[in-house]
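Every chain is named by a letter (A, B, C, D, E and F) in the order it is written, and numbering of its residues begins at 1.
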Amino acid sequence: MSNEYRKLLTVITESAIERDLLADMERLGAHGYTVTDARGKGSRGVRDAGWGEASNIRVEVLCDDATARAIALHLRTRYYDNYAMILFMSDVEILRPEKF
Amino acid sequence: MSNEYRKLLTVITESAIERDLLADMERLGAHGYTVTDARGKGSRGVRDAGWGEASNIRVEVLCDDATARAIALHLRTRYYDNYAMILFMSDVEILRPEKF
Amino acid sequence: MSNEYRKLLTVITESAIERDLLADMERLGAHGYTVTDARGKGSRGVRDAGWGEASNIRVEVLCDDATARAIALHLRTRYYDNYAMILFMSDVEILRPEKF
Amino acid sequence: MPALDPVVLFFLLGLAAGLARADLRLPGAIYEFLSMVLLLAIGLKGGVELARQSPVELLPQLGAVLLMGIVLPLAAYPVLRWRLARPDAASIAAHYGSVSVGTFAVAVAFLASQGVVYEAHIPVFVVLLEMPAIMVGILLARGMGRQTDWKRLGHEVFLGKGVVLMGGGLLIGWAAGPEGMRPLGGLFFDLFKGFLALFLLEMGLIAASQMASLRRHGAFLVVFGIVMPLLSALVGGWVGWLLGLSVGGTALFATLAASASYIAVPAAMRLAVPEANPTLSLAASLGVTFPFNVLVGVPLYLDLARLIHRLGA
Amino acid sequence: MPALDPVVLFFLLGLAAGLARADLRLPGAIYEFLSMVLLLAIGLKGGVELARQSPVELLPQLGAVLLMGIVLPLAAYPVLRWRLARPDAASIAAHYGSVSVGTFAVAVAFLASQGVVYEAHIPVFVVLLEMPAIMVGILLARGMGRQTDWKRLGHEVFLGKGVVLMGGGLLIGWAAGPEGMRPLGGLFFDLFKGFLALFLLEMGLIAASQMASLRRHGAFLVVFGIVMPLLSALVGGWVGWLLGLSVGGTALFATLAASASYIAVPAAMRLAVPEANPTLSLAASLGVTFPFNVLVGVPLYLDLARLIHRLGA
Amino acid sequence: MPALDPVVLFFLLGLAAGLARADLRLPGAIYEFLSMVLLLAIGLKGGVELARQSPVELLPQLGAVLLMGIVLPLAAYPVLRWRLARPDAASIAAHYGSVSVGTFAVAVAFLASQGVVYEAHIPVFVVLLEMPAIMVGILLARGMGRQTDWKRLGHEVFLGKGVVLMGGGLLIGWAAGPEGMRPLGGLFFDLFKGFLALFLLEMGLIAASQMASLRRHGAFLVVFGIVMPLLSALVGGWVGWLLGLSVGGTALFATLAASASYIAVPAAMRLAVPEANPTLSLAASLGVTFPFNVLVGVPLYLDLARLIHRLGA
């Protein structure tokens, strides 16, 4: 197998900003993303509602290191102060390097 | 970016124990957690029900190494024998180290 | 703790092939899997429907390196050309090595 | 035997589709919704009827009901222990000492289609019967030890979905009375049987998915899952008659005794007796007893009630 | 005070279950479904009635409604500013200047059970009143600066679920007329009160979950959450009377003024005024004002409407 | 043209909301629930009517139906092949040879609102027509090769949601008869049109989301998506008349011919002909033909049926 590596950036945040967040990510160079619905607890309290306002999403973006850092930086500046959000990154081995 | 690392502990187990499990995690030092609904198959058979008894949850905790090991150890002792459960850990790069 | 490592293989693809995909994985040596429902966007466009045809699943398999590579290879051959699919792998530390 | 009620046909459709591995599943949210509406509807209906009459005669009966909820699992336990480990025997005993609201709903629909009347307050018994068997099951599994977190468990038992919704429905129906409930009847009464049909469709699919575990765990569970409800129905019918219930009430009471829980008890056992294998109890309760009761038991228990009343008179 | 409407009892059941931390939750998909059907039903009902009459007299009233939607949050802001940071005060003011469709539905059900009639076109006001307060709230938080993405926001406001479904329902009901709507009435009209009951059950659970934040954020929000609707109801009742509405219409109008949004405004504020803490506004709106209006306010506002009409005559 | 049926207005509302990118979506679980209830309801209704009459005259008609299900995709294929790759042409041909239950439901509602009667057993044809086109599509894509896993596929085709629920409904309705079904009618019959309205709201949103792919894939699909149903309706109308169906039955049969699948066929094609691009077939079926049939086609096919009967007489 190809032994190519990319960054996997995972963001957990409020569903309320899904549309904006994904648009930002694409603008900054992500070629794709995956979203799952989630609930959780963090510094901004419990977020586990079935109804919109207090539910979370978990977004994954597979991209090169530079893009991941650019997105992370942007999210920190634009959303971190006012929204419930955490993010983390790791290196993953991928199959079709030309895709990301 | 900060180049700080933490452990990401992922637990996949029965929905039935969600409440207890999360309480245990917080008691052992987790500052937060994220839960998604899941289904799956493992040594205890297929777990893919829409109805409560046989569905899974997937819990992620981002924390320092010691806390992750403490939680993993506790889960092994308390739940592993009697509940469908797997867990695994990895190192991830984070943005706001003071949070975890 | 045990300090044993395994591969975590993550596949994001169309819900339409869930049944076949999981059967293939088991045939190739996976002892278990975990599935969550997801939505996303990639080279084959937006996939975010509530109704069946255009929704995604996110499948995780924890297994040894050889199995992970065998599955990845098979998926590439069998599904990559015709289905929306990405996959990536990483090393994770596990608790009960005999299980996987 | 009278022709099968259409709701039972829905159960059979689900069972057949499940056994054929058809690509059919009620979404989890819908199953949840249906069971919530059924629980509320049963409670509301009982409450409305209670509002029509004086509840004084009710009190002495409650003790008998509680007693039955204690005796039945105690009787089942030694039989189960003969073949199964202690926690499994205790857990299954608890399942069979408690009740299945789905089975009860089928019986109610069946009586209605047969034009048989019954006492309005039976839903009170359903709420009550859910609980004692859980306690008995835990004590059987653990002895009187201090390992069990009784507070956590009491919470689980008294504040489970079934008790809250059926009990709450009883109170609301009683407070609102027939007049007040009329505008809510469109959802809770007129659609009852349709919702029950969809619920049974999914129950059929679930029962089918239990068949694999049944095959693995052998004939003992199958035999137990049929003989136990028959014997319980005898006890229930007899108690019902002692309590002075009508034929319809006696049939419902026998059904309650014969039915095995698959919601409240599994959840409580999973927390309190985790070493019991949930596959065994669910295979028996969902894979054998529920189908048996729905297909064969319910009409039989009405015949039984008639027989008891004839013999008693 | 008349006996509590059964739908209010469902709210109390949810509240009690939530406070007791019972294991009860309406699935998210069902909550979404119920709120969609309620929004459509209110719109359709209004539209059908509009089809019966000439809409000419409607036009002058709309200006007054819009004005009220602007004045109420402007009046609330300085009071809130006294204790809260600017973004929080602005956001909460927007919540209270807008409306709660759930509260409106309770009032409609209450008037029906009391046999009080009202003008058919009130749902038009509901749609209209949702919007201006959002604009006011953003201006209060931001000043006239250029920071806000008004296009994105206008989209959020004018194409939110509430406006689309209620507005769309109005149009469909109006186009289809009473005859055309009859075959749809089974779902949208006959089940309205049952759906409302389930919705309120979940609202009770949600309100209970807000109690923790309330405790943390102190008495100010509680007092505000009760006094503000009372004063708004006075304004709304007075405006309704000036507009020549009937007693029922005046009571509904007072209810609209007194109610606080918990769907459209939170979503818009989260995007446009992110530095406002959503916990504060939801705790006040869902944890104090919604329960207050449902339990105490709605009957009170009918009395108020009667009083205003008596004094006015 | 008669005024638009209100359920069609719901479709337009969804379409408009979707094109305006409004924040509106029916939860997946609700969409699933609605389509399950609609499938069951259509089957049950057909079954109840079958119970009223002798089914002997049905048998010869079934062969004709199957034949049409084979001929239509075979006719569409060469046209599609003119512009598209083999797998895409085969897959789209299969979509148009099969049927859309949503379109059928709109036609049924339309006939009811026009007071036009039709043969009770048409739902049997719907179940039957779902299947042959899938086989034809696969053969067209693959030739008679051995590559296809026919067992797996037969399972997909004969045990798909549509066949199981509609077929099961037919059997249950037939076994229960009009009397037995009455208590279930509250859910399956009285709410039918309301559920259909919600379903069409979501279908409008889905159709809107297909518009982007349509723009990309050019005019050919749009033209095909309108001309093909018109021609199919002619064939269907003519076959219906040959079979001796009434005007209403002929109109329904023409509608079936004209409608294109968007549930069973896409799922089967995705597995059996994966190299076909699902975007193309769904854009045509959901983005063009479904809206066309709902808005224009259905009333037209009734006119057509009348014309054929007049000419034939």
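The criterion applied here is as follows: contacts are C-beta pairs under 8 Å (C-beta built on N, C-alpha and C of every residue); 3 or more make two chains touch, one makes a residue touch a chain.
These figures come from a predicted structure and were not determined experimentally.
Undergrad: So which chains are sitting against chain C and chain D at once?
TA: Common contact partners of chain C and chain D, which must touch each of the two, are B, F.
Undergrad: Relative to chain A, which chain has the most distant C-alpha mean position?
TA: Of all the other chains, the one whose centre lies farthest from chain A is D.
Undergrad: Using C-alpha centres only, name the chain that sits farthest from chain C.
TA: Between chain C and every other chain, the largest centroid distance is to E.
Undergrad: So how far apart, in whole Å, are chain A and chain F when each is placed at the average of its C-alpha atoms?
TA: 40
Undergrad: Approximately how many whole Å separate the CA-defined centres of chain A and chain C?
TA: For chain A versus chain C, the centre distance works out to 19 Å.
Undergrad: Quick check: how many Å separate the C-alpha centres of chain C and chain F?
TA: 35
Undergrad: Give me the residues of chain C that touch two or more other chains.
TA: Counting only residues that touch two or more other chains, chain C contributes 36-37, 90.
Undergrad: Which residues of chain D are in contact with two or more other chains?
TA: Touching at least two other chains: 26-30, 32, 190-191, 267.
Undergrad: Taking the top-of-page definition of touch, could you list the pairs of chains it picks out?
TA: Listed in label order, the chain pairs in contact are A-B, A-C, A-E, B-C, B-D, C-F, D-E, D-F, E-F.
Undergrad: In the complex formed with chain D, which residues of chain F make contact?
TA: Touching chain D: residues 27-30, 32-33, 36-37, 155-156, 159-161, 164-165, 168, 171-172, 175-176, 180-181, 183-188, 190-191 of chain F.
Undergrad: What does chain B use to touch chain A in their complex?
TA: So the residues of chain B in touch with chain A come to 1, 6, 8, 22, 26, 31-37, 62, 90-96, 99.
Undergrad: Give the list of chain B residues in touch with chain D in this complex.
TA: Per the stated touch rule, the residues are 14, 16-17, 20, 45, 49-55, 79, 81-83.
Undergrad: Please name which positions on chain A make contact with chain B in the complex.
TA: 10, 12, 36-43, 48, 56, 58, 69, 72-73, 76, 80, 86-90
Undergrad: So in the complex, the part of chain D that touches chain B is made up of which residues?
TA: For this pair, the touching residues of chain D are 25-29, 31-32, 152, 202, 206, 213, 262-263, 266-267, 270-271, 274-275, 278-279, 282.
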